[in-house]
Amino acid sequence: MRSRGSLLSLGDRYRIYVLFVAVFAFMSLLSPKFFTVYNFTTILNAITMNATVAIGFTVVMICGQLDLSIGTVITFAGVLTMGLQPYLGFAGSIAVAVLGGAIVGLVNGLLVTKTRINSFIVTLGTMTILQGSIYQFSGGNSISVTTDQVFAISDFLGKNLLPLITPRVLITIILVVAVEFILRRTRAGRDFYIVGGNRSTAWLAGINTDRTITAAFVLSGVTAAIGGVVSVLVSTAATLKLGENSLMYVISATIIGGTAMSGGKGGVLRSVAAIMTLEMLYTGIILFGLGNEVKIFFAGLILAYVVLYEAYAVYRHEKTLGQRPWLMKELAARQAAGAGKKR
Amino acid sequence: MSNTMPGRADAPAAVAGTSTPAGIDTRALRTRSFSSIVNTAGVYAIAVLFLALGALLQATGAISGFLSAQNMLNIVDAVALVGIAAVGMAFVTYSGNFADMSIPTTMGFTGYICIELLRYNFWLAIAGAIGVGLLIGLLNGFVVGKFKANPIIWTLAVNYVTMGVIRLVWVNKQIYPDLVGSPPSAVALFDAIYRLRFFNLIGLPLVIMVVLVVVGQFVLTRTSFGVKLKITGSSPRAAKASGIAVERVVMLSFVLVAFTATIGGLAITSLSRVGAWYNGAGYDFKAVTAVVIGGMTLAGGRGTILGVLGGSLIIGILNNIMTLLGIGTFSQDMVRGAIFIAVVGINALSLRRLGRDDA
Amino acid sequence: MRRLPFVVIAFALVAFALSPVFGQSLTAAQQANLKASLAVDTSVLKSADGQQLLAPSKDNRKVPARPADPNKLAETDPLHWYDMEWAGWNVTPTNTPKSPGDGAIGKKVIMIVHGDHPWTTACILGAKKVADMYKWNFKALSPNWDKVVQDQLIDQAINEKPDMILLIPLDAKAAVQQARKINAAGVPLHMFNTLPEAAALNYSLGWTGPDDFGQFRLLARAWSDELVKRNPGAGTIGVAYVQHAPGGSPYFARSFGPISELATYNPKIKTLVMASPTPATFDANTTMQLVSDWLTKYGKDLKGICASDDSAQSLGIFQALEKAGRTDVVVVAAGNSKQGMDLVKDGKLFAITYQTAEGDGALAAQTAADWFNGKGYPIRKNLAQHIITKADVEKFYPPQW
Amino acid sequence: MSDTSSRPALEMKHVSKRFPGTVAVDDVSYEVMAGEVHALVGENGAGKSTLMKILAGSFDDYTGEIAIGGRTALLHSPTLAKRHGVGMIYQELSLARPISITENLLAGRLPRRGLFLDKARARAQAGELLSSVGLDLDPNLPIEDISQHEAQLVEIAKVLGNNPSILVMDEPTSALSREEVERLFAIIGDLKSRGIAIVYISHHLPEIFRIADRVTVMRDGKKIATRLIGEVTREEIVQMMVGRSVKEFYQRRERSVGDVRLSVRKLSRFGFFHDVSFDAKRGEILGICGLSGAGRTELARVLTGLDRADEGTIELDGARVQGSTMADFLNQGISYLTEDRKVEGLAVRLAVDDNVMSAVIDRLSSGGVFSKARGRPAVERLITELSIYPPDPSRTVGNLSGGNQQKVLLAKWLANEPRVLILDEPTRGVDIGAKMIIHSSIEKLAATGCTVLLISSDLPELVGLSDRVMIMRKGHFIREMPYHECSEESLLLAATGEGGAT
């Protein structure tokens, strides 16, 4: 029976985890301050937002789509949370914020599936619209709530329940595990892959492709919103540039994690592992006393390497695709003979 | 689902040369030329629509001075930079490779290079900047063309790396044309890249844009490269099996975008009189927007450079009207986004009706 | 008399035993360090533009009383902006760490800025100049304009247990929780440059930095006088404001500062329009487009423009003005970049504010040093206000960044 | 006729389907018995595919009545169709490449325990299905890691997985090698015996006579007739299909074979074919016969510069072929009609003329400036020569029928005025009308002295057209046969390696 499983191909499939361990080991060895509980608590707290956002974004990419609006959704949700709190209380405003994210996702999904416009374009549009809405709503100033309640919430979210684990980290972990589980172990989850792998296959198999894709976008909107909500609760203020850097960051991480832009491949855990890897790298760089330019430079290199690697693998694969084993044997034999004949 | 309708209409005629059979797929009756006309014309129809809107608003007194020559000039002046970048971007989109996200740092980087070389000689500086820009284009084109790496992600990575390089090399400093020990004459020339105005009326960037558009349109439709690009864009494998050197064609399209980005970068650096790594920020999405509104589909092989010019104009007119109306900057974003989606939607639908569904 | 030595020793012992009771007592080493620290003279330092590096504000305006609810007041009322303009003058610090008073030399200080920019580079340089005088173990961290990263850097800084954290908060309101956190960790905090919410200053030793509102009130007056001079007898004088990027105090200070000032100083001046160029606030081309459209809309009614940035924005503005052939428009801006000063020198920009980047960092560092030296602590100290015009622009070359 | 019960498993009564301006299926009625293989034939565009798409639930707006197992059924969605036990095997693969075989096989019906998937069971089910089509693969392999032939069989296994009561096969053998075809026929026989009704669409009449019980002929969306296979001849069927009688399919032309044009020596592409040597003369049609995987296509790709040779020489009219890229080969007059029309052959989103000129762009350009006008006469000539319908150069190729697309593809390569024309499956999946035209134009071309290399698994075609046939097996040239020795049987024997020299 033919099956995959050479050590190399395995290493390739789990590349991101290998990379993760490598960076971890490297940094631990070179920087004493790195391998400390405190430092990792810091890192974990720092990645919660982007990790949460990456959850939905990854699912969208598994469907073979792209969601450029996540960055603005983060900020949008944050602004709603703080802006509406005086009127609705946190329960209300958070609900509205998450719902808002869901609605944005829904709109993206419907536009992509019904009008068949490329998601790159659709979400570029919604991104612009949201940017305006954010400023409009906030009047151009960040919004904060300075009641003891909000400080209490903030402190709680940042407090260690266990070593490394704070509530905000816990929320992310729960979401990641839940979605990863759905993706792997439920039919609905697998549908995302099938739709991303080949839309017409899915359609013929009786899977409602439009609904699946829309669902992915809604999930993306929701997780982005949650990311924003938690983040602003922690900092007790909704700043207007909160999600600005997240888009490119999350895209890069997702790709580095091994989720293919063509769809049908990947996973949430991989993306989070990639974010973790990048973050460890960044922290290390800071601990070495190097600046952001170095961070940016290395982030670029890693991304470039991964993309090139993927592409080159396919390239090699196509070159040797369909070689006949028996002919290769024969060739080897002939060359051996040829070598023997040399005088 | 890709529900291809049954082609009807061949065999009998083929065998016996008899008359047209029962029914013919109506979509097939529309001819390509018609469609591409609709496609490009559609863009200008929308542009004219906006002009009419402006005129109407002026008639009703809601805005003033819209129809003045000066204002029209302002509009085209304002889109000149985006237009320049968009012409190059259009070739990449047309080649079926979506977009080049490394435009911003290409603009910033070449700005630095130019200023650094200014101390030797102005023309050398320009040449140097363009040279560096083309190198970036070559790199992108090689990787995307030969190994078919995902263009968006690859160029995004290159954007990061270039940014890192700029900031490492110039240690987070920005540099000024007149503080690098360059002769005043060179500085003056550099200053003029953006500011030179013919008959004290038409700015150099505008002229450059027009030239690029005309040349670009010619290259895209009338040269062998353009035709090859068209086939490559619509079906790379068929292109390869037709003896077209796909790698080279794609590479050239990335070189072109790098070239126009460099021109844009020089202009913006000249305007802001400083080499800074944030010069050119945002021009990636600006250019894509212009290209897409201009009627190019990300599927590749469809659209025209003239359309892209139209796309840039639409954006310019829209901004102009909104400011004249006194719409707040925040609401402007919302309108811009909505119009963007709407225009692309209309374009997509019209294509679909013409039986050219590239979704 | 033979007992005398014992008595002396006994007294000595008692004195020694009791010594902790009377205030803090310093070891000899600490004493020496304090002496040496106090001997350090940082007034000799100069910034790259040849100015005195440490230039605290001389102005002693009376701090007005806070109105019940500033937001109830009209935006043209200076007091509407009370919490942004006067934040910190009248807060009551809580749980403030006591100064060790053992001298500034050899302290460990971490500076966390807002993001990478040539301005920041200069600002850090200024702080470094002071830090070196005091032989500090000094390092600066930058979150590159990302609030999430800034929080992370704060955590890491706390973990290093420095003697002081100097912070440029990325966001006035988010600063509150950041300050609380640092304060709770028992690390002395000093904030500078970006004025945070008043509440944040409860947890900070104090704040130093440019008086954005104050500066623009000065600028407004100079601007107004020039406008009047150039438009004698005009009934109203129309002006426009090119705003800073939304989401920060400059966005308000550099437009509503002048507006609320002029409302009383010269009511004849009428605000026609104010906007922040989008999508790119500091893109010359975008600004040019915006201003061109304004010139189309308001024509000759537009007599003056106040910009929140004297480089890219101002260059865009003058590009637009030249295209329209307008030389009568009086333009002022926040400074002081090289491009801005060049424009002033060419007689294009009428006036810009003096915003010393190095001085900003240096004043923060010096204030910290004073605290280490046990001096009294000003909750808030402004940088010197100054308006640069063609008259004195030469003095400020070469630019700091 | 199969011996199982003869109650109709499927009845279609007055079924019609119209597209804007078209009646694709026009009042068609017929029934299929359980355990019957019912062949459906007709030229491209006759409406077969549409009829089958209706059955597969692709349309929700057909008219007429469909009864399955005696009960009326509405087939308005693939799900409904599947629920009524209709299984459809599509011509083009409908598999998702990046995901595993298991998930492709069980898409939409992955086994669950409670809320969650039951991976073990899924794997087991997948394993069974694979072995049912004689495949021995790890079900966790993604499709992109298996060969196209394997994929084709997976496709079939996938449909069998829904254990359908009615199975529709649309040109199932078009991508299969002979041995795989045999395997498929075995499977079909087995399904018959299990009482499954099979609708079998094919252009390949021999196949139909081999396995069908009855045959229904369609033309222009209408049903012409249904006959027992025993009571009808090929000629009759062809006649019904094209609506007029065809005589002897291939009549021997008189050949004037000139001196050597293409001379290949010890040509190898390691791992694909080794030590291939032959001469082809002017005006000669040289057939190349071999099972799939024998290396025919790979040889062709090297002969046209698409792939590089590792060893050996190619001479054209006594001179080494200059250059290494396909463009170089093209310019020296070597044309290659690829076997895959939709992917490598044509840019289906572009117009006819764009495609026809696509191989000669450089020749139509001077100083890099392309002149469409210069190419137009040739395009129009070819359109009339090959009677491409509709005769409109600006028509989008994707909207043409398969037959006409194939003609456009041929036109594209004729436009190169080749000295050597290499044809790879020139008439695969093409209706008889188009086939005849393509054949005659091939012969015309040969008559003008062009050398034609004809690669085909359509044996009658090879026998009918070739002057000589080279037989390839397992990447080697086995032997050549002059046409008077060629017969479908002899070729087949040689190719499969029974009989004949090695």
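Letters are used for the chains, namely A, B, C and D, taken in the order the chains are written, and counting of residues starts over at 1 for each.
By our rule, a contact is a pair of C-beta atoms (placed from the backbone, for glycine too) under 8 Å apart; a residue touches a chain by one contact, two chains touch by 3 or more.
All of these numbers come straight from a predicted model, not from anything done at the bench.
**Student:** Determine the set of chains touching chain A that also touch chain B.
**Tutor:** Per touch definition, common to chain A and chain B: C, D.
**Student:** Would you identify the chain whose Cα-based centre sits farthest away from the centre of chain C?
**Tutor:** With centres defined by C-alpha atoms, farthest from chain C sits D.
**Student:** Using CA atom averages as chain centres, what separation in Å is found between chain A and chain D?
**Tutor:** Chain centres of chain A and chain D, defined by C-alpha means, are spaced 43 Å apart.
**Student:** Would you kindly tell me how far, in whole Å, the mean C-alpha position of chain C lies from that of chain B?
**Tutor:** Roughly 42 Å, centre to centre.
**Student:** What is the distance in Å between the mean C-alpha positions of chain A and chain C?
**Tutor:** Here the centre of chain C sits 38 Å away from the centre of chain A.
**Student:** Taking the mean of the CA coordinates per chain, how far is chain C from chain D in Å?
**Tutor:** Comparing mean C-alpha positions, chain D is 76 Å from chain C.
**Student:** Send over the residues of chain C in touch with two or more other chains.
**Tutor:** If we look for residues of chain C contacting two or more partner chains, we find 116, 246, 276, 279.
**Student:** When you check chain A against every other chain, which residues touch at least two of them?
**Tutor:** In chain A, 128, 131, 135, 140, 200, 203-204, 262, 291-293 touch at least two other chains.
**Student:** Give the pairs of chains that touch; include all such pairs.
**Tutor:** A-B, A-C, A-D, B-C, B-D
**Student:** Where on chain B does chain D make contact in their complex?
**Tutor:** Within the complex, chain B contacts chain D at residues 1, 3-17, 20-28, 31-33, 222-228, 230-231, 234-235, 237-245, 299, 301-302, 355-356, 358.
**Student:** Considering the complex alone, what residue numbers of chain A touch chain B?
**Tutor:** Against chain B, the touching part of chain A is residues 111, 115-118, 120-122, 124-133, 135-136, 140, 199-200, 203-204, 209, 248, 251-252, 255, 261-262, 291-294, 296-301, 303-304, 307-308, 310-312, 314-315.
**Student:** Under the stated contact criterion, what part of chain A meets chain D in this complex?
**Tutor:** Result: residues 1-4, 184-187, 190-191, 193-194, 196-198, 200-207, 260, 262-265, 320, 322-324, 326-328, 330-331 of chain A touch chain D.
**Student:** Which residues, counting only chain C, touch chain A once they are in their complex?
**Tutor:** 116, 139, 141-142, 144-149, 151-153, 155-156, 159, 170-174, 176-178, 180-181, 197, 199, 246-247, 251-252, 276, 279
**Student:** Report the residues of chain A in contact with chain C in the complex, numbered from low to high.
**Tutor:** The contact residues of chain A facing chain C are 33, 36, 38-39, 41-43, 45-46, 49-50, 128, 131, 135, 138, 140-144, 146, 151, 154, 158, 231, 234-237, 239-242, 244-245, 283, 286-287, 289, 291-293, 295.
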